[in-house]
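Chain lettering (A, B, C, D, E, F, G, H, I and J) follows the sequence in which the chains are written, and residue indices restart at 1 in each chain.
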Amino acid sequence: MISSRNEVTEMIVAAKVAKGIKWADVAARVGLSKEWTTAACLGQMTLDEKQASVIGEIFELPDDALRWLQAVPYKGSLPTAVPTDPLIYRWYEIVNVYGSTIKELIHEEFGDGIMSAIDFSMDIEREQDPKGDRVRVVLSGKFLPYKTY
Amino acid sequence: MISSRNEVTEMIVAAKVAKGIKWADVAARVGLSKEWTTAACLGQMTLDEKQASVIGEIFELPDDALRWLQAVPYKGSLPTAVPTDPLIYRWYEIVNVYGSTIKELIHEEFGDGIMSAIDFSMDIEREQDPKGDRVRVVLSGKFLPYKTY
Amino acid sequence: MISSRNEVTEMIVAAKVAKGIKWADVAARVGLSKEWTTAACLGQMTLDEKQASVIGEIFELPDDALRWLQAVPYKGSLPTAVPTDPLIYRWYEIVNVYGSTIKELIHEEFGDGIMSAIDFSMDIEREQDPKGDRVRVVLSGKFLPYKTY
Amino acid sequence: MISSRNEVTEMIVAAKVAKGIKWADVAARVGLSKEWTTAACLGQMTLDEKQASVIGEIFELPDDALRWLQAVPYKGSLPTAVPTDPLIYRWYEIVNVYGSTIKELIHEEFGDGIMSAIDFSMDIEREQDPKGDRVRVVLSGKFLPYKTY
Amino acid sequence: MISSRNEVTEMIVAAKVAKGIKWADVAARVGLSKEWTTAACLGQMTLDEKQASVIGEIFELPDDALRWLQAVPYKGSLPTAVPTDPLIYRWYEIVNVYGSTIKELIHEEFGDGIMSAIDFSMDIEREQDPKGDRVRVVLSGKFLPYKTY
Amino acid sequence: MISSRNEVTEMIVAAKVAKGIKWADVAARVGLSKEWTTAACLGQMTLDEKQASVIGEIFELPDDALRWLQAVPYKGSLPTAVPTDPLIYRWYEIVNVYGSTIKELIHEEFGDGIMSAIDFSMDIEREQDPKGDRVRVVLSGKFLPYKTY
Amino acid sequence: MISSRNEVTEMIVAAKVAKGIKWADVAARVGLSKEWTTAACLGQMTLDEKQASVIGEIFELPDDALRWLQAVPYKGSLPTAVPTDPLIYRWYEIVNVYGSTIKELIHEEFGDGIMSAIDFSMDIEREQDPKGDRVRVVLSGKFLPYKTY
Amino acid sequence: MISSRNEVTEMIVAAKVAKGIKWADVAARVGLSKEWTTAACLGQMTLDEKQASVIGEIFELPDDALRWLQAVPYKGSLPTAVPTDPLIYRWYEIVNVYGSTIKELIHEEFGDGIMSAIDFSMDIEREQDPKGDRVRVVLSGKFLPYKTY
Amino acid sequence: MISSRNEVTEMIVAAKVAKGIKWADVAARVGLSKEWTTAACLGQMTLDEKQASVIGEIFELPDDALRWLQAVPYKGSLPTAVPTDPLIYRWYEIVNVYGSTIKELIHEEFGDGIMSAIDFSMDIEREQDPKGDRVRVVLSGKFLPYKTY
Amino acid sequence: MISSRNEVTEMIVAAKVAKGIKWADVAARVGLSKEWTTAACLGQMTLDEKQASVIGEIFELPDDALRWLQAVPYKGSLPTAVPTDPLIYRWYEIVNVYGSTIKELIHEEFGDGIMSAIDFSMDIEREQDPKGDRVRVVLSGKFLPYKTY
């Protein structure tokens, strides 16, 4: 019996490498964005029955695994509080260097509140550039104001 | 004599609150984006002489402060490794929840390497939405490949 | 010139102790709940001009301080990641011991998502009990579902 | 031979996902609140013999497991001091942002002491709301005063 | 104006060293145990008006300080999570080495619950011993059982 | 082959739960206090050959395990620097809140030095009390003075 | 099925020790520097198909492992934030003692920006010296300037 | 009276920014490398009387400061264990990503031992490159073998 | 009024640097070893009245300071848990690399117990050596056995 | 196949306990000090072929293990940065309490530099003492001066 979502994530990742599957193709078959689909496969999102069954087919998962994909996972995909992987660290660095700037500008535009990380979407794409291609990421999160009561 | 960039940042922040200055107006006078300008005022970027003198006028800074604005600062704008402020934490959460997803998708598109946080720009704006306005953030960073040698 | 909201919080706390002011009375004059008002006075919420001026009068704050009360603060009211104060630790302990329970039950009722800490209110009151009075706290937060995209 | 309560918790969680059991149904069969029952199943509370045997039947646990359910566990349900899961983090954030407020208001009402996390109960329910349903949580803990001696 | 209880604690400690006052004498004048009185002087307990005025006289504190002694303090008397001072470390070591033993034996005698650190008293005294005198400490805390609900 | 004392501790704990053994009975058979015996069984003390053989019989341990019980263990019984278990945390809290008090009073009575945690004994017992029974703990440690040289 | 790059790294390291293979020989067969090749074998770099197949032959790896060598790894080769191994610690010490010096001198020469750790190469060699041979390391990283926008 | 080397470092840094002094010029006047000289000015090295007097003249330091420059400092130039500044972080990343590689290659060439960070020198210079200039750093440290005894 | 021993330590260190005093000379005048005397001056030991008055004369301390020298200090002389200073780090490294060896050998010779750090003395001296002088340190601590009870 | 030195250390420790081997006897057969030999067996030193084969015979290790004993290990023998074992903690305490003293006295005698932990030896022995035997430890490390360049 499978006893955690992590085991399912490991099965998916192992199958992906062994079979040379692409996330973009998985997303196409699930019918959702590659960002959400990848996050779900990596144990961060909850799938419905149909999505789980597509994922199960692609990665040849056992039935138990499909039920885990439909259970809400304990989220958090990084092994340390400050990430060691250079690609992911650069994002942490952006939060560290630009954090107070982001805070000031969102508050200047919207007042006190936050940009939701739940009612949120992300889009990652290649931006052609003669000086070297760029990664272009669009983040969109609902603004949620603090209210008085 | 001023002995650190932090002192200059505190002067700017104190003057901003006391005078009710807006970052967008500061940026307009400096002639650069509000994102870069705010980061610079908050001690994360280095200004040239002319930029420093505009900032000095707006916030009524002493001459010493202008020289500090032109010295490269020790960067990092957050007081703790895991931020406590809810707005900034949501960004840290995005890195934590989506970190492995971002890593997978950038590598799938570009191969091994990173998205630069140096050759980088950010644009924060309001996205009108009938269900509640959204914060839309566009991040653009050059892709830098790891090379063999 | 005041250079941080912390200085204003210290002024308020010092005046409160020196004058023997009660939070409930402050809240009554501000016209909001004692929970929100106290949080605002302790540097966690943003006041509007009128609220700030009432607070200013009560605690005899300088004009500069009133402007700081209207600026969005860097939030977080505890000096360490694991609180040392016994009263506050008990709350941290509740999150630690019951955290996975809370998660399971909210997900069982609502599916994947979170209980908002922004669109949120709190009410603390005394519950008479012959075996010793109890503290009764009601927390109400909007449920925000994760969505697919 | 089972050598820790954690193993029993894993068995319960694995069976729950595999069989699609609901905590509310488990609680109904045990005859206690869903909050206490879930906490007990997740390794935070001690069951008596009869409760353990009901749990054992529902999740088809071996005899050894029943004895572990009756041993007092080493409590604490979160893998890191600052939780990474967004739902649980929001609770940690409430303690962080409102911690000093909670402390002030309980002391204003009761004097020095704490709100017990042992002589404590919790009730989590859905609050219908046209603007989006809310999670309503009631916490009730005995006030324990510090005494002089 | 005094802005924190810490300042009062520093005043008391400075006066104690400067005047050569003994905690036992302070306790005798306050009319309570030396353990509680010392903890109160070191910023861990709340005094009533009369106690505060006795302390104020002994240490020649300003009026403001007396009001701080009557406000509930943010507790915690050690600068680091693991104490560096050898005497205090030995106590931390006792918790570390004997922690699981204490837990097992209290549960064996009382069932699930805790020994209160609030409804608690401590008595420290010299135990004459020909092989070298000993420190004898008696801790007494009410047992608080976890209950089902 | 057993490769650590931890494995022996796990065997003992598993056997204790499976067989419903009581620490007090183990201590009676070993002929020592229940505090020392429990600590030894939990991997914190070193047994002599005869004690090890009694423990081995009670918990039905293999021969290898008996030799491990006679090897000096790497001590420390808690999984984190700040304990998460509520019962053990209360002890950590006592060190945190009363640490400076304990230090002051021992120094006032004995001068500079420590209370030994090695030449040390502990006695835990129930104290009948009409308002609710109490846990009474007596700690006795030799005072070791710092000397000049 | 192999479920992480770590498993492949362990296979390579185990084979290296068992067979007495030298990194310099591996590099010669791969046709790249010994620095890059060693980093790749230790799980820090991504190989192309041909490189992976050479590595696979040398260390007699299964087919699955070859596919893992071509997947981008989660980088970071040290088990703790501050390394305990004396050789690696000396490097951490260099960063700690000379960090601000390195920062000052690169900024004095190049202005604000960083020395890339991605477009980067390293060369380690023996420097003969009558007073004792020296390790000579040449690091070369592209300078990446911060730009305004 | 100056009570720490840090105060002297702050004086030097403040004077450097205020007067626009260059480290290369300071080094030229001291007659040593710019790397050693900068490290010394930033509080990491000990100067002799003559060097201290040159530094004192350049930065117009008081006499007390000259004596501090000749006292061995408590070394370590970074405010956090994992540096937040992007330039310095890249060096930490090199240690993290290449740490095990560096260890393997030095041991392969020299056997067990370390590369000294004391009998050590560093040289930082610009490397012209049509694709963008590079930072070239040469580190040279004596190899110190572990010996048997 | 002086409010902590740290202030006295700073006075002593500042005077030492300003006047060029040597620890060995201080020790000679106090009439004790240079190790104990230096530790006492650096805030780790408690002096008696006569010793304090000698120290006061040498460093020209105010009367208040003499009383602080006679109060038992909160010990611990390092600013971080893992020291950054290379000389002190080497000692930490010895504990880290040889810690388990020291433990094994002391237990092999003495059985279970510790080497006291209280009934302890240290002697540091130069050992002439044609290959480069050595630091020779002799540590002597009473062995304290764990006892059964 | 053995995949880490840790596995070999565990084999040695398990065999030592099972067979009742003494470190002093192992050292005698290897022909080196008991300190170096124990450190080597515990995974901190590198053996040559002959030493490895003696160790292999004594502990009946497989051939693979002998090769691991000849590979340079990743050093560090403690599971946490601040050790929990009382015997090892006392050593950490010595570094913490006496660290600044050791630093001052070595610098007073030798100038700026360090005492090597590599060109280093240690000798642990029993010191007969009527008041209780003592552990006497002699540490000898080459002094390595910082040099200018």
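Throughout what follows, a residue touches a chain if its C-beta (ideal position, glycine included) is under 8 Å from a C-beta of that chain, and two chains touch if they have at least 3 such contacts.
Treat the numbers as computed from the prediction; the structure is a model and nothing was measured.
K.L.:
Counting C-beta pairs in contact, which chain pair has more, B-D or A-G?
P.N.:
When the contacts at B-D and A-G are counted, A-G has more.
K.L.:
Most remote chain relative to chain C, going by C-alpha centroids?
P.N.:
Farthest chain from chain C, going by C-alpha centroids: J.
K.L.:
Can you tell me which pair among A-H, B-D or A-C shares over half of its residue-numbered contact pairs with B-G?
P.N.:
Matching pair: A-C.
K.L.:
Measuring centre to centre with CA averages, how many angstrom lie between chain D and chain H?
P.N.:
53
K.L.:
Report, in whole Å, the distance between the mean C-alpha point of chain C and the mean C-alpha point of chain E.
P.N.:
Between these chains, centre-to-centre, one finds 29 Å.
K.L.:
Please compute the C-alpha centroid of chain C, do the same for chain D, then give the distance between them in whole Å.
P.N.:
A distance of 24 Å separates the two centres.
K.L.:
Listing for chain D: what residues touch at least two other chains?
P.N.:
35, 74-76, 78, 81-82, 84-86, 93, 96-97, 100, 103, 107, 113-114, 116-118, 144
K.L.:
Would you please name all pairs of chains that touch?
P.N.:
A-B, A-C, A-D, A-G, A-H, B-C, B-D, B-G, B-H, C-D, C-E, C-F, D-E, D-F, E-F, E-I, E-J, F-I, F-J, G-H, G-I, G-J, H-I, H-J, I-J
K.L.:
If we count contacts the way the header does, which residues on chain F are in touch with chain D in the complex?
P.N.:
10-11, 13-15, 17-18, 20, 79-80, 82, 84-86
K.L.:
In the complex of these two chains, what residues of chain D are touching chain B?
P.N.:
Spelled out, the residues of chain D in touch with chain B are 82, 84, 86, 89, 93, 96-97.
K.L.:
Under the touch definition given earlier, write down the residues of chain J that touch chain H in their complex.
P.N.:
32-33, 35-36, 45-46, 72, 74, 100, 103, 107, 111-114, 116, 118-119, 121, 144-149
K.L.:
Quick check: in the complex, which residue numbers of chain F touch chain E?
P.N.:
It is residues 22-24, 34-35, 38-39, 42, 44, 75-78, 81-83, 85-88, 90-110, 113-117, 120, 122, 124-127, 129, 131-144 of chain F that touch chain E.
K.L.:
Show which residues of chain F lie in contact with chain J when the two form their complex.
P.N.:
1-4, 64, 67-68, 71, 74-76, 78, 81, 117-118
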